[in-house]
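Shared chain: subunit A. Partners: subunit B in the first complex, subunit C in the second.
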Partner chain A sequence: MTPLGLYQPGTSVLHRAAAGHKFLALLALAVLIFVVHSPVWLGVTALAVTLGYPVARVSPRRCLQLVRLLVPVLGLVFAAQWWLVGFDSAAVVCLRLLVTLGAANLFTLTTRVDDLVTAVERGLRPTRRFGVRPERLGLLVGLTLQAVAALSMIAGQTREAQRARSAERSLPAFAVPFLIRTLRHADELGEALAARGVDDD
Partner chain B sequence: MIEFEGIGHRYGEHAVLDDVTLRLTEQRVAFVGANGSGKSTLARMINGLVHPTGGRVLVDGVDPARQGRAVRNRVGFVFTNPDSQIVMPTAGEDVAFSLRKKGLSRAERERRASGMLARYGLAGYEEHPAHQLSGGQKQLLALCSMLVLEPDVLVCDEPTTLLDLRNKRRFVELLEQLPQQIVLVTHDLDLLGNFDRVVVLDEGRVAADDLPEPALEHYRKLIS
Partner chain C sequence: MSEARNTSISQSSGRALPAADLARTVVFAAFIAVLGLFPGFYLGGAAVPIVLQNTGPLLAGSILGARRGGAAVLLFLALVALGLPLLSGGRGGLAVFAGPSGGFLIGYVFSAVVVGLIVQRATPRPGLLVLLLANVAGVAVDYLVGIPYWAAFTGDLRVAAIQSLVFVPGDAAKLVLVSLVAAAVHRAVPTVPAASPRTAED
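On to the complex of A and B.
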């Protein structure tokens, strides 16, 4: 199974743009959509993000995967918000979610972790004076992205095992093995990183 | 040279290793023994992932419990599960990641990573999502990511356990051709024919320490 949002090699404009610039743009976008309240402008932003997918030549299969994930989540949030607060605010909340998730996913699809880590390290170099360790932060960003992929893989495999034992409805049957495997993965990853000299700088 | 001097180890009350003394000078050494006999604990001491509670380990005269960093720079380690050793999304990035602290330019890191992948049968996989490689390829990638650091010693803890027979053979053949000193922990006894020395552990003690044939014969008797 393919975890969502992993880097897909390509040569599009978005692939070639500097990782640091893309990251800043992503942060700026996140700030922007929380100061904008107009559904119209949020809609325009959402459209712009969506256009990014064909620009990056993301495969239709990948897009479909994202749609299948987003539609139920957004549908649920929209219904709840509409019922609780009203149509306008439901639309605003959902558009914000759509823009954030869509843009973040587009970012990880077109950016190699190594490039992002390098960019973050370079960007944070001036903070060294205040005791920040840029290489640590860069590694943290890289590993966070990696952890998302690892967790989604563990979740997928646990769900398959659960299905094989026809225990789909049972929460403990999912949560217990998921937690144990996650903790073990964390232990093993820690040792592997130590063996590669990451712990002792 | 790897020296274990009167190594004892306990996890809480539970004694796992008892008075193990070994001087490993041979190029290809294997640790075998039943589950829980202490092989992994002993192997992990070589690069300071575990510190012995008694005795000491020396790798070319340096104690990993005191100078972990210096020792880890010279000792590579390949684990059983390739999924938790691969830390970057693509194969090329994962190998290049090992070189982060070498002060090399990015182009040079990529060049070395590609060279390493090509040497071990993964040519052209630089941009391939690492987690979509086959089990055997993933373990080769883990090996590449260690070897690119040019260690003097390579410790492998059951690196072939999750591989099929053909990949097991191929992996061990690769290990045999490396210039590094190899310490291999394994349950695949058939693969040890070309090793220089086999150490059999039993309940935390050295039960046999010999050439592969006599050592494995002793081990087979021990478990029957």
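On to the complex of A and C.
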């Protein structure tokens, strides 16, 4: 659907698995790590999740990015937890974090946004009788991404105007005009949607 | 004027989102995403850029009200969860909901709703004081969700609360800024809480 996204194309087992199944597996894993309190078993789980990365053939560059993101968080949490509670607790908390972050990230790397949207639309179908319309998710995602592109341009223009007024360091001088133009853009989009009969389907 | 606004708010609680409501929700979700695309803002004489994205939910509640503000934040978080790198620093995916800040992200939705509920009560339009009060409540609600969530990982509520104290000074500064900005926007666009721009022009 979009070049924007964290998905990394591939043909591994993890890529081919259905998005819904992968999501359920992820939920099961999340429950598991809160039931398990033994650092040894948590360590085994963390190792299993880590092995998922070579299985999915995630590029070394992506792995490095992830490590760079994880190390400061885990380090900080470990230090704070060790200092405030103790070493064992610090180890358990960090292993839990490692498992959830690692597995959730693996899910995102191997699941196409399109497939996920379809899976969510299908999974939420029973909520239709409560007035929810899950089949609209795809439309909402598309509209929002278009709006992100439009607003990025507006933000750039607002920034330039701000610079021209030499008010670069004033946040309100940027935020107020940007918000007003954002609302104007929303009104235009609303009229366009109404003209296409979006509100009466 | 204020009567027209009240009726349009109540109308928007119907089953289907009218196009104008849908558009504001979608565009504001995008607005929160765009706040994250900015590399950071050098405020005053500060040497360290501040991240603006967490002002998004407060602004959503302050400007769109509870229903559309909450929906906009929910939509934004849904896009992040689907794997789009819209969170500041290009982060995204389900993993961001798992870390220490995951609960604070989920709390954004409640934050926007609470801010919106308070702001909506002010007629004809919210002043700075109401906005400040609403945003203090909004930030507090975010902590009420975020701290217990993080405590589920650490196993200790007190420890989680202490660790979350680092966010307090930044959030305090941001909520004042949000209130100032939202007050200015309400002054500039008096039709803001109205569901449809047409009712205001008629």
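FYI, the second predicted complex is superposed on the first by the 130 of 201 C-alpha atoms of A that agree within 3 Å, B and C clash if a C-alpha of one lies under 4 Å from a C-alpha of the other, contacts with A are read in each partner's own complex, and residues count from 1 in each chain.
Here is the rule we go by: contacts are C-beta pairs under 8 Å (C-beta built on N, C-alpha and C of every residue); 3 or more make two chains touch, one makes a residue touch a chain.
These figures come from a predicted structure and were not determined experimentally.
Touch criterion not met for A:63: it reaches neither subunit B nor subunit C.
Of the two partner chains placed by the overlay, only subunit C lies in contact with A:73; subunit B stays clear of it. When the two structures are aligned on the shared chain, A:173 is found in touch with neither subunit B nor subunit C. In the superposition on chain A, A:32 makes contact with neither subunit B nor subunit C. Contact comparison for subunit A: of subunit B and subunit C, C touches the greater number of residues. By the touch criterion defined above, A:107 reaches subunit C but does not reach subunit B.
Of the two partner chains placed around the shared chain by superposition, subunit B and subunit C are both touched by A:185. Residue contacts after overlaying the shared chain place A:9 against subunit B, while subunit C stays out of touching range.
Once the two complexes are laid over each other on the shared chain, residue contacts for A:124 go to neither subunit B nor subunit C.
Once the two complexes are overlaid on the shared chain, A:96 sits against subunit C while remaining clear of subunit B.
The interface of subunit A with subunit B overlaps its interface with subunit C at residues 2, 6-7, 113, 143, 145, 150, 185, 189, 191-194. Within the complex, the subunit B residues that touch subunit A are 44, 47, 49, 68-69, 72-73, 76-77, 79, 81, 83-85, 87-90, 93, 96-98, 100-101, 106, 127, 129, 131-132, 145-146, 149. For subunit A in complex with subunit C, the touching residues are 2, 4-7, 26, 30, 34, 69, 73, 77, 80-81, 84-85, 89, 92-93, 96-97, 100-102, 104-105, 107-109, 111, 113, 116-117, 120, 131, 137, 140-141, 143-145, 147-148, 150-152, 155, 168-169, 171-172, 174-176, 179-180, 182-183, 185-187, 189-194, 198-199.
Those residues of subunit C whose C-beta lies close enough to touch subunit A in the complex are 15-24, 26-31, 33-34, 37-38, 41-45, 59, 63, 75-76, 78-79, 82-86, 91-95, 97-100, 152-156, 159, 162-163, 177, 180-181, 184-185, 188-189, 192, 196-197. By the touch rule above, subunit A contacts subunit B in their complex via residues 2-3, 6-7, 9, 112-114, 118, 135, 142-143, 145-146, 149-150, 153, 185, 188-189, 191-197, 200-201.
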